[in-house]
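Two complexes follow with subunit A in common, the first pairing it with subunit B and the second with subunit C.
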Partner chain A sequence: MMLPILAQIFWTGFANAAYYVLFTIAFALIVKVVQLWNFAQAGMMGIAFYTMYTVINFLEWPTWAAFLIGVAVTAAAGLLVEFYGLRTLRRRRSSNLMFFIFTLIFSELIAYVLMFLFGTEPVTLFPSILSPVRIIHGIAVTDWDLTAIAVTSVSLIALWLFLQFHREGQFLLAVADNGRLAELYGISAQRAYLVAFAIAAVFSCEGMYLFGTRAAVLPTTPNDLMLFAVIGTLLGGMGRLFAAAAAAVVLALVQSYSVLVIASKWQGLVLYGFLFVVIVLFPRGFRLPGFRARRAIPSPTPVQAKV
Partner chain B sequence: MNYINSILVLAGIYLVLSSSFDLIIGYGGLISIAHPIFYAIGAYTAGLLAIVWHVPAIPAILSGGVLAAVASVAMSLPAIRVAGDYLLIASIGFQLGLLQIIKNVEFTGGDAGLSDIPPAITGPSRAALFAAISLSLGVLVVLLIRWIVRGPYGAIITAMRDDELALLALGRNVTRIKVVILAVGSGLAGLAGGIYAFYYQYLSPSQFDVLQSAAILTMVVIGGMGTALGPVIGTFLLLGLPQAITFLQLPPSVMAPFQGILFCVLVLLFILVRPQGIIAARRPHT
Partner chain C sequence: MSDNRPASLRRRTLLATAMAGVASTSLPAIAQDKPKLRLGVALPLTGSQALFGTDQVRAAQWGAEDINRKGGVNGQPLEMIVQDTQADPQTGINAFNHLIGVDKVPVIAVAWSSVVQATAPVATRDTTLALSIGASSTKVAHLGDYVYTTYPLANVDVTALAKYVYNTLGKRTGAVLYINNESGLEGGRVFRDVFTQLGGKIVAYEAYDPTATDFTGMLLKVRVADPEIIHIQGLTADTPQVIAQMRQLGMQQRVTSYSAGYNPQLIKQLGAAAEGFIVTSLAPGPGDNPNVAAFIERWKKEMGRAPNGLPYTQYLYDYPYIVSSIYAWLAKNNLPVSGENFRKGLVEIREFDLPMTGKLVVNPDHTVDKPVYLLTVKDGAFVPLATIS
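And now, the complex of A and B:
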C-alpha cells in the first residue's frame, strides 16, 4: 500500500528536481568560471520569468517566441551585470564585500522593479497549470513531468558536450582552472565570463519556464529558488557542475519525502536545515567514499575573479 | 506632531540597526545579511514576554537583546569555524528559516502577525517619550560603537578585517573576535526590536524579511562603511527620502516598491561611483 505512494513521491520529486537542477547549474557555472557567489541570479531569474509572462499574456505571442525573447533579455541583463558592474569592481580590485553587495542589491532592485510593474499577486505563465496525466504502473505521470525531465536532460548533455568539445567551452574550463595561466595562453577571461553569464541566462530561463508552468511566481520567488541552487552548489562541491546537479536532485527528493514525516508548510525548513548541515559537515562538498574525479579540478574560493 | 514623533522613533531604531550593522560589516568585514532577523528576535521576544508573562518593558527589551545575541552565536559559530564566506550563506538560510518558523507557529501570531502588545507608556506624551527613548538609544549605540572601535579591541577588529592571516599569526583567536562582534551587533539590533514592539504594539514577519536587509545595508553603504558617522547620515538620508517623495502622491502599493527602487539604485550608484560612501573611512573600502 505504501510502495505506490513512495514511488509517486519519488517521481514527482524527481520531475520537480528539473528546475532546481537548471537553477543550480546556472549558479554553479558562475561560481566555477567567474568565481563569484552570483546573487544577481535571482534578479536574472525574475527577469526571465516576467519577460516570458509579458510576451505570452500581454503580447499573446507563441511560447517559443516568449522563451527566445526571455533568453535574450535575461542574457542581456547578465551581460550588463558583468560588463558594467562586476568588471568595474574587478578593475578596482574591490573586496568580496562589494561584490556581494552589488549582486544582492541588483536582485533586490529587480524584485522591486517587478513589484512596481506587475504588483505582488502571484502569477503563472499560462492561465492553467494543469497538465494531462497518464497512469503508468500506478504512478501518475504528467506531460509536464516528461517535458521537464527531457528539457533538463538535453540541456545537461548539451552543456557537457559544449564544455568538452567546443572551443569556447574548453576556454571556460581553462579560465575556471587558472584564469591567469589561461590568459597567458591567449584565452580571454573576460570573454569566458560573458559566455558563462549567457549560458547561465539560458539555464535560468529554462528553469523559470518550467517553474512558471507548474507553480505561481511572485517577484520575490526567485530569491527562495536561488537558495536551493546555493545549497546544491555547496553540496556538490564548488567547481563540480554535474555533482551540483546531482545534489539538487537529492535535495528535491529529500524535500518531497519530507511530507511523510512533517507538514508541507515546514518543507522549506528542511532546506535550511540542510544548509547548516552542509556548511558544517561538507564545506567542500559531499564526495562518495572512494570516488575520484577523472581530472583534478581545484575548488575555487567563491570570491571575485582576480584576473 | 505624532507623525514627526513616529519618524523620530524610527530614526532612533534605524540608528541602532545601521550602526550595529556597520560594526559587523564595516569594521569587522563580516558578510552577513541576517541583521533584520535579530531585530525580529528582539521584537518578538519583548512582545511575547509582555503579552504572555506581563514582563515590564525594560526587562523584556533587554531579554530580546540577549536572546538575539545568543541566536547570533548559534548562527555564526558553525559557519565561521569553517570559513568566512560561509557566514553569508548561513546568514541567508538562518534569516529565511527563522522567518518561516515565525510565520508558521501559532504563538507568534503566524502570518497575521503579533498584536495586543501592551503599550508600556500611556498618555498624551507617549509618542514624544518613545521618540526621546529611541533617539537616546540610537545616540548611545553610535557612541558605544565609536568607543569600541577607537579602543584597543577596535584596533584588533580592524586588523582582522584588513589582514586576518597576520592576526592569526600573532596568536589571536579570530573566531572568537568574529563571534563577539556578531553577538554585540545582533544584541543591539535585538534592543531596537524591543523598542519597535512596544511602540507599534504590532509585529508582522514581513517587516523583517530580506528587503529589510537591503534597507539597512543601503544606510550603511551610502553613509560610509567603517565610520561612526556614516550610518547616522545614511539613516537620516534614507528616512528623509520617502518623506521627500510623498508629493508624488503615489498609492501605497506603488510607493513601497518605488522607495525600494530608489534605495537600490542609490546603493548601486554609490558602489560603482563612490564606494567609500558619503563619509570616507580612514582606510577606504574599495
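And now, the complex of A and C:
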C-alpha cells in the first residue's frame, strides 16, 4: 500500500525538480563566474515568462518562436543589467551590499512593471495545464514529467560539454577560477560575464517554460522560486554547478516526502529550515566525505585567447 | 505657496476628480439646478488592483447616472466623489480623511479587507457610514457601529454549499483541501463544521502552502481516504492546479469550491477535467436576472469587453441605489444629511430591492442575507445549478 505512494511521490518530486534545477544552475553559474549573488535573476525569469506568454497568447506564434524570442529578450535584459548596472557599480568600486541591493531592486522593479502591464491575474503559458497521463506500474507519468526531465537532462549535458570542450566555456571556468590571472592570459572577463548571463537567460527561460506550462504565474512568482535556487547553490557549495543541481533535486524530493510526516501547509517551511541549517552548519556547502578533495568541475589550464 | 505634495498624490487626485466630473456632467439639466446629494467612493484607481477598482468605480458611476437620468432623488441629482486607495491601508485612510473632511460625504463605499479594516476607525471617529462592498472577511462585521457590509461575508456561500452537498447531492463523506491563508482557513473550517453538523464525515482535512505547486503528497493522502466529494477552498491560481493533479492521479470525485473557482479561465485550463465542478456566486448571472445581461451588454458596447470581476461590479452598481433609498428616507422623515442619520436610515430601511444583485437584507449584527447561486460546469461552460435563499 505504501510503496506505490512512495514511488509516486518520488517520480512527481523528481519531475518537479526539473525547473528548480534549471533556476539553480542559472543562479549558481553567475555566482561562479561573475562572483555575484544575482537576485536580478527573478526579474529575468519574469521577463522570460511574460515574453513567451505574449508571443504565444497575443501574437499567436508557435512555441519554438516564443522560446527563442524569450531567450533573446531575457538575454538582452541580462546584458543590460551587466552593461549599465553591474559595470557601473564595479567602476565605482561599490560594496557587495550595493550589488546585492541593486539586483534585488531590479527584480522588484520588473515585478511592478509586469504587474502594470499584465495585471495580477495568474496566467499559464498555454490555456490548458492538463498533460496526457499514463499509468506505469501503478505510477502516474505525465507527458509534462517526461518533457521536464528530458529538457533538463539535455541542458545539463550540453552545459557540461560546453564548459569542458568549448573555448568560451573554458574561458568561463578560467575567469571563475581567477579573473585577474585569466585576463593576463588575454581572456576577457567582461566577455565571460556576458556569456554567463546569456547562458543563465537560456536556463531561466527553459525553467519558466516548464513552470508556466504546469502552474499559474503571477509577476511576483519568480521571487518565490528564487529561494530554491539560493538554497541549492548554498547547499551545493559555491562554484560547484552540478552539485548545486543535485542539491536542488534533493531539496525537491525532501519537500515532496515531507508531506508524509508533516502537514502539507508546512512544506514551505522545510526550505527555510534547510536554509537556516545550511547557513549555520555548511556555509561552504555540503560535501560528501569521498568528494572532499575533488572538484565538481576540474578547471582546465587557462587557454591563450585569440588576438 | 508652492504645492509640495508628491506628484503621485496630485495624479491620483486629478484622476479621481476627473471621474467625479464625468459623473456629474452627465446629469440631465432638470436635475442640475437642485443641490446635489453626495456619496463617496474609496477604491483603487492606481496600483496593482486598479484593474478591478476602476471597473467597480465605473459601475457605481453608471448606477448614479441611471438614477439621475430618472430624476435623481426627489429631483435632486446624486454626485459621486471618488478617491483612490491603491488598495493600500494608509492611502485608504488618506482617502477617507479627504472624503469626510473636504468633500463632506455622509457615506463611503470601500473595498479590500485590509483597507476596510484600516479605515473603520476613521469612519467611527467621524460618524460617517462606511459600506464595505466586496470584502468577505467575517471580521468586517465587527469593525464598529459605522461599518456595514452590503456584500455577503465568507461564511454565507460555503455554508449554503455544504448544505447542498449533504442534503441535495446526498454525499456523506468529504475531503477539504484549503490554502493556508485567512480565506482558506476560514472557508475550510466552515465547510467542515457545517458538513459534520449535518451528519457527514470529513475523511481528509488538508491545508497547503500558498506558494505550493506540487500537491501530489497531499492528494495521495486524500486518495487513500477515498471521499465521495472534495471541497477546495483555494484561490484562482492554485485551484485549477489541484484539480489537474487530482485527475492525473486518477481521482475522479466531484469537486466543489467557492466564488474564487467561478472563473471561465479554469475551464480552459482543465478542459474535460472541469466537468461537474461546482462553484458559488454571490451575485445573480444573466440567466437569473435580465438586468445583468443588459449590464454585460453595456460593458461590451461602451468598453468593448466584459468587466473585470463581474459580481463585484454588480454590487458597486447597486451602491447608489442603496444611497438614494436612504436619501429618500431622510427627506421623508425630515432628517438632516449626516453620517449618523445615514446609519439610522440603513438600519431602519433594512430591506433593499436592488436592480443588479436582487434583494438585500441588512442584519443588526452587521451581516447581510443574500441568495447564493450555485453553478456547475457542463459541456465546457458554467451553468446554473441551484439558487439557495
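As a working rule, the second predicted complex is superposed on the first by the 291 of 307 C-alpha atoms of A that agree within 3 Å, B and C clash if a C-alpha of one lies under 4 Å from a C-alpha of the other, contacts with A are read in each partner's own complex, and residues count from 1 in each chain.
One rule holds for everything that comes next: contacts are C-beta pairs under 8 Å (C-beta built on N, C-alpha and C of every residue); 3 or more make two chains touch, one makes a residue touch a chain.
In this text, all values refer to a predicted model and were calculated from it rather than measured experimentally.
Chemist: Is this a clash or a fit when subunit B and subunit C both end up on subunit A?
Modeler: They clash: once the shared chain is superposed, the two partners overlap in space.
Chemist: Going by the contact rule set out at the top, does A:F49 touch subunit B (first), subunit C (second), both, or neither?
Modeler: Neither partner.
Chemist: Look at A:I101 in the shared chain and tell me whether it touches subunit B only, subunit C only, both, or neither; answer first, second, both or neither.
Modeler: The first partner, subunit B, only.
Chemist: With both complexes overlaid on chain A, does A:N16 touch subunit B (first), subunit C (second), both or neither?
Modeler: second
Chemist: Touching A:Y272 in the superposition: subunit B (first), subunit C (second), both, neither?
Modeler: first
Chemist: Once the structures are superposed on A, label A:L109 by its partner contacts, choosing first (subunit B), second (subunit C), both or neither.
Modeler: first
Chemist: Looking at A:D224, would you say it contacts subunit B, subunit C, both, or neither? Reply first, second, both or neither.
Modeler: In the superposition, A:D224 contacts both subunit B and subunit C.
Chemist: Of the partners subunit B and subunit C, which touch A:P122 in the superposed model: first, second, both, neither?
Modeler: second
Chemist: What part of subunit A is shared between its subunit B contacts and its subunit C contacts?
Modeler: Overlap of subunit B and subunit C footprints on subunit A: residues 115-116, 119-120, 224, 265-266, 268.
Chemist: Quick check on the complex: what are the subunit B residues that touch subunit A?
Modeler: 25, 29, 31, 33, 78-79, 82-83, 85-86, 88-90, 92-94, 96-97, 100-101, 104, 209-211, 214, 217-218, 221, 225, 253-254, 256-258, 260-261, 264-265, 267-268, 271-272, 275, 285-286
Chemist: If you look only at subunit A, which of its residues touch subunit C in the complex?
Modeler: Subunit A reaches subunit C through residues 1, 5, 8-9, 12-13, 16, 115-116, 119-122, 124, 127-131, 133, 135, 140, 142, 211, 214-216, 218, 224, 255-260, 263-268.
Chemist: Within the complex, which stretch of subunit A touches subunit B?
Modeler: 37, 84-85, 88-89, 92-98, 100-102, 104-106, 108-109, 111-113, 115-116, 119-120, 220, 223-224, 227, 230-231, 234, 265-266, 268-269, 271-273, 275-276, 279-280, 283, 301-303
Chemist: Enumerate the contact residues on subunit C facing subunit A in the complex.
Modeler: Going through subunit C, the ones touching subunit A are 48-49, 51, 180, 206-218, 220-221, 224, 236-238, 240-241, 244, 247-250, 265, 268-271, 273.
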